[in-house]
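What follows is chain A paired twice: with chain B in the first complex and chain C in the second.
Our next item is the complex of A and B:
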């Protein structure tokens, strides 16, 4: 096909016109082979400018369009729309930035003009090698797999379910509710934990669009956003399995406690009446707070930050629940003496400091300490520690409650592998972006919420569950098709040497290996065109559409000539 | 809610990180969004930062693509210089009155070339830069502001003040006929089904805690002022300098300013103070830095790692109380009691304060308009944090970001996404 390239140079009012001799640019490019028209215009992005371009494309019968104007960040999209409206493929267009990269930074007009000519010529050269790219649309399944039946999973399920969206909720234990079912009360409201969860579980059970799998594990999620095939297996019965399709996955698998036996200085597992926070919650929930000998403790120590050194992060909620424990103890044994051994009191949140202030005093001590060690002295437990000035002290107590660090559940690595997402700091699931995409992951359609993403309290867990549900509700709409990325990677069958390097650098799990042909294959529906595989490929087999070697090479050679 | 006469459009108040997230998500769900922003620009407070913890990612690089997306999104009707004046009705059927101030610069015609600034005869302190630099009466708050369209400050413009009724210096300089002195304020009435309020925060006025010397002693800066001093698009183009033009050889960063007055921990100050340590060291490697804190509050899976990296730079972490800042000779003295109750005195060149995060001045006014309550600290009140911290006592009105309480960007964005989740699930 004969190429008919149209070149249009924007004056951008005085912005380009005053710094670049546009007529010289036109002279320099008009005679280039394939260029059928080269003209200037006052302001191409204006309504009149766009109309002018559309008319020109039709009138001149252009096949390719080059515009020398501003940054692609400003108006690439604008001009691609012009192409579409005028009936040419928007990828047969190239924008040369002669404003930000030329007019606005080059003082000397001759120099600026020279540079503008080069940039325009390079764009003309590049556009010759452009190929039409077509948008694709694929059907999507609006149903959602939610893994984890704790507060996050429950909240996400309830928010997502609707008559046209089924939810599959998979829980590995025999019952729903998660950790919260162990809490008599939650901070700072001191409302019963059960009141939060009971009604919600009932709502779940009553909703015919929610299918609950207890004692079950997810074995496989194969596919991509909008189309995942899921296999779920009953843990208690290897024969029983279910298979279904969903469009998105929410990982809400929660967290667990650091094993205090790994920090033997706290005497856990060695001495009676040294409890973890969860053991203490359970004891408190079941009724009385008592020692192994059946008597109520007269004194208790709460040791914060157990395992923080080993884990390398602050678990965020331990200070607050330790304060809640003081309340538990004081409610049930008003005369008890409680000592908190802590390093830094971390109580962010608008109502938390008030909770602290209402908890301290009345035989409640806060001891800023380090090198805490629990030993046995007679029939008492002895807390040995260094105080702020570094001097050694000890306090005998009847009961010790440890606040161990929060860590991901043991099945996190397996689930990360199944869903092709990664684990980051502390082994928690990695979000797509720490700040602006905290519940999305590198795998589109797989979302994370709650303790599985990092230590957090109940309100924040609920927020993340609602956020994950929000992400799905806004992008996976029943009946709507999905448009995958157009500028995807492609791997040449003849050039690929089957080294599999690309598989290891792909962040999105979009490359698979064809064992029969011994080559890598890109799933264009999953690929986002990041170019990692292109950089890694030693044989030059991988390239990204619209950024092929040849396109870049031709553009560059023209620019540096 | 399936009735046919429900409105599906959504009003989002505030175009900071939370408001942007909510708007983009709603648009993706094919909802039309009216995004009302009080100022002339989008991006909120986050665009004042050069870098964000804990990855020290360039903040404007993080926010700008989202701002661009917002401006190009056909489902989003961005109303800048606008405020909500009245809300009537109920979930699914709100009628909202908006007052939109004239910008006097046409958003379509202006290309953001800035040619109009230079000829303007007026010069005054730039509020966006915390008064550390000057601006004209026609201006954008900083380089890179989006939308990149200036506004005329009618409180100072000679023409509008009547001081020089014929002044049209800016109009004459504009090649695009973008400046329109005849623009009028607009009174808009919108029909929306739901409202997301994400109006952000203020910082505690450090003058209310006079012991820190702010406003009295030179080279005592607030956190936001210091952010601008370090910002490459800020008043010093990122050069950290004292009033006298010299680079500081020592600096004190004081945490928890105003905490005892506000009665809560603002949750982000420890982390950004550690970030400031990085700012200072990266520009002035030999500077001596002391951080005065009470309790180090760095929750989150990645934050302690950042702290440990900062400690390698030999920052002095001083647990202190009874801190006082005073002028001493040509420099500054920081007096404090350390952990043992021993009094000490540290001379420094520069002091940076980390003031508490507090609700915006107009939070209670807006709460009243929206029909929601505020809590004892003045933040928007959630109905019950154990149920959802974005749900208010007024059905259909949701809250997100720092207007609900002090929090970092991640948690603000999460709340915004959660609000959208609520809007979409309750009206599906």
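Our next item is the complex of A and C:
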């Protein structure tokens, strides 16, 4: 087939035009074999620009399109759509980035122009070796599995449920609500915890499209985005199990507290009246704050950052709930003296500083300290510490409340394995990208929300739950087929020797081994085209479509010559 | 580089070898076949013409008498033979594979790479005196045979291949059973087990491992240390000859691109070598362009690319068996160069190829703390 390559160079307003001599680029490429037209345009991504391109493709009878403009991250998709609308395969197109990689990185117009010529020539060379790739469509199941019935799981379920989308909510304890059900009040509004959660739980129970499994665990999720097969087992009754299909999974398994016994200097488990924050919440909620002997405490110490050194991270929420604890204490026992021992007070947030200002004073101390140790002195607990100048001090108190670090729940490793996602710092589930994809994971269709992803307060937990729901709502639409990645890996049956190196480097579990043929096989629906297998394969049996050896080689040779 | 201690074992058995070591080893194998411990033996045999040796899978035990447990040449790397019969699965025969330590190690390496299945294989290695260069042997087989026998008896490696002369793993026990000749009293040899499978085999043959093998350990340690000294010196000299881009290009400029080294390499297990594939056959216009850009282009092109590319692909598993150097028609010291590189790449990961089946291939094992010295090199 005769190639008719069209080359269009975008001025990007003044962005490219001022730094690159576009006419020189056009001169340099217009006589290249196969190039039938080379032109410039003011702004190709504008409505007029797209219309111009579409008309050009049709008028010139182009078979391949090269555009020199901005980063593919910006407008590759835009121009691929133009190709589709004009009737050529969108993969017979290549975008050269002469804005971020030329115009914006130098003051030297000559240098920028030279590089723009190279990149444009390389794109022309590469596009010759492009192959048409066809989109695939597969049926998808719009239903969602939500693991964890705390605030994150509840919020995600409510956002997602609809008459045409069933939600399966799996909770390992006997009731829904999670940690929040222990909180009398929540900071900084001091609204009751129950007011946040009660109505939501009622809504869940009333929705016939939400199936709730309590005392249950997820045993298996096999499949891929749009098509997961799930097995759920009742913890309390091994015989009882359920199987169903979903299209996506939300992991909202929350967090738990670092065990303060691992930091014995705080006397937890050794002395009476040394409580963890959660024990204190429960005590407060169940009626009254009192010592083991039944009397109300006259003084209390709140020790922050318990386990921070062991865990190696700040747990974000402890300072704020510690302030809330001060309020609990002062509300119920107005004359109580409360001392906070902290190393850094972390109270970011638009309402939090005010909350702090209103809490301190009036027999409430904040002591910046280190080397805190709890001992027993007579019938009192004694807080020994070093102050900011390094001198040793001690304060006797009746009650000690510890603020232990937040860590993932103990079932996190098992769930990470079941869903093929990874665990990062501290054992929390890893997001695909901290900034770009904060609730997606390395497994497409598996999302994370709330404390399971990292220490989080209620508002942030709800934001993540809604974000995860949003991701699913926008990609898993009932009745609509899903389009798996087109640029997937392929493994040549005739070249594969079955050494399985690719299996161990695939992050998505998309390669399986055909025992009969003794070769590796890619599941193109799960494959995300990362190319790890290509790098591992010594025989070149693995390649990624649209990033074949030849395409890259040709582009590179042209760029560097 | 491995430590000399890597080879050492604690207990063994002393076997009488009145009829000579070779015959006694064959007797041992025959007995094992009689008792049904093995259904077949994979072992080297002299070809009918007498001018070379080949691996033969012997099912008829009367043929065992012509076997050569330690042939004077390595015309086929034994790991390739084991792979041929087990690459698609364990098969239905229990086979004893009698090979040199480097061949055993290559087999272990191939097992990690899914190219052999060792379930029904018992790997038997023997203290190795080295082998002659293949071309030396085929020229004058009978004379060479005698020279080899005399040299092997004295453990004199002067006529062996250069890479054998600097081999510090000639008694490394990597398989299931090892036959130790070093340090054994006259007319005896040691049998050493290195695995549960080895224990089971010897158990069935009523061989108990309760003898002291200190004399073997001492001799092996001694030889390894001596060879390591020699190795260090030889490789240092070699590095100065081939190190650096210019030397490297000079060294490999003799390469005629026959890819023989790759074809005989046990570790080069690919169905089609990447460097034989279409991926490196560029369109003619590319070569014209390269000539234009650089002023000229050599044909066939990319010989150094092949050598360094193959090195990159296999040096972490290279067992320094020397098969590549044996077949190089232009006498490039390929095995010595690859062995030198293998020492360094494997050393980076504290890995010794084929030492232990349980050791993961370095590039597949993720360790959070490693290779800091490489980071430092960039400072």
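Quick notes on this one:
Keep this in mind: the second predicted complex is superposed on the first by the 409 of 561 C-alpha atoms of A that agree within 3 Å, B and C clash if a C-alpha of one lies under 4 Å from a C-alpha of the other, contacts with A are read in each partner's own complex, and residues count from 1 in each chain.
Please note the rule applied: contacts are C-beta pairs under 8 Å (C-beta built on N, C-alpha and C of every residue); 3 or more make two chains touch, one makes a residue touch a chain.
Here the structure is a predicted model, which means the values were calculated and not measured.
In the overlay built on the shared chain, the residue A:424 is in contact with chain B alone; chain C does not reach it.
The partner of chain A that touches more of its residues, comparing chain B with chain C, is B. Those residues of chain A that touch chain B in the complex are listed here as 12-15, 43, 45-47, 73, 77, 159-160, 162, 186, 189, 191, 196, 308, 312-316, 344-354, 368, 388-389, 424-426, 428, 433-439, 454-455, 458-460, 462-464, 466-471, 473-475, 477. Here chain C touches chain A in the complex through residues 87-88, 113-115, 269-274, 277, 279, 282, 286, 289, 293, 313-314, 361, 363-364, going by the rule given at the top. Touching chain A in their complex are the following residues of chain B: 17, 21, 25-26, 28-30, 52, 54-55, 57, 62, 66, 68, 72, 108-109, 111, 113, 115, 175-176, 259, 263-267, 295-305, 308, 319, 339-340, 375, 377, 379, 384-390, 405-406, 408-411, 413-422, 424-425, 428.
Across the complex, chain A meets chain C through its residues 494-501, 504-505, 518, 536, 538-541, 549-550, 553, 557, 561.
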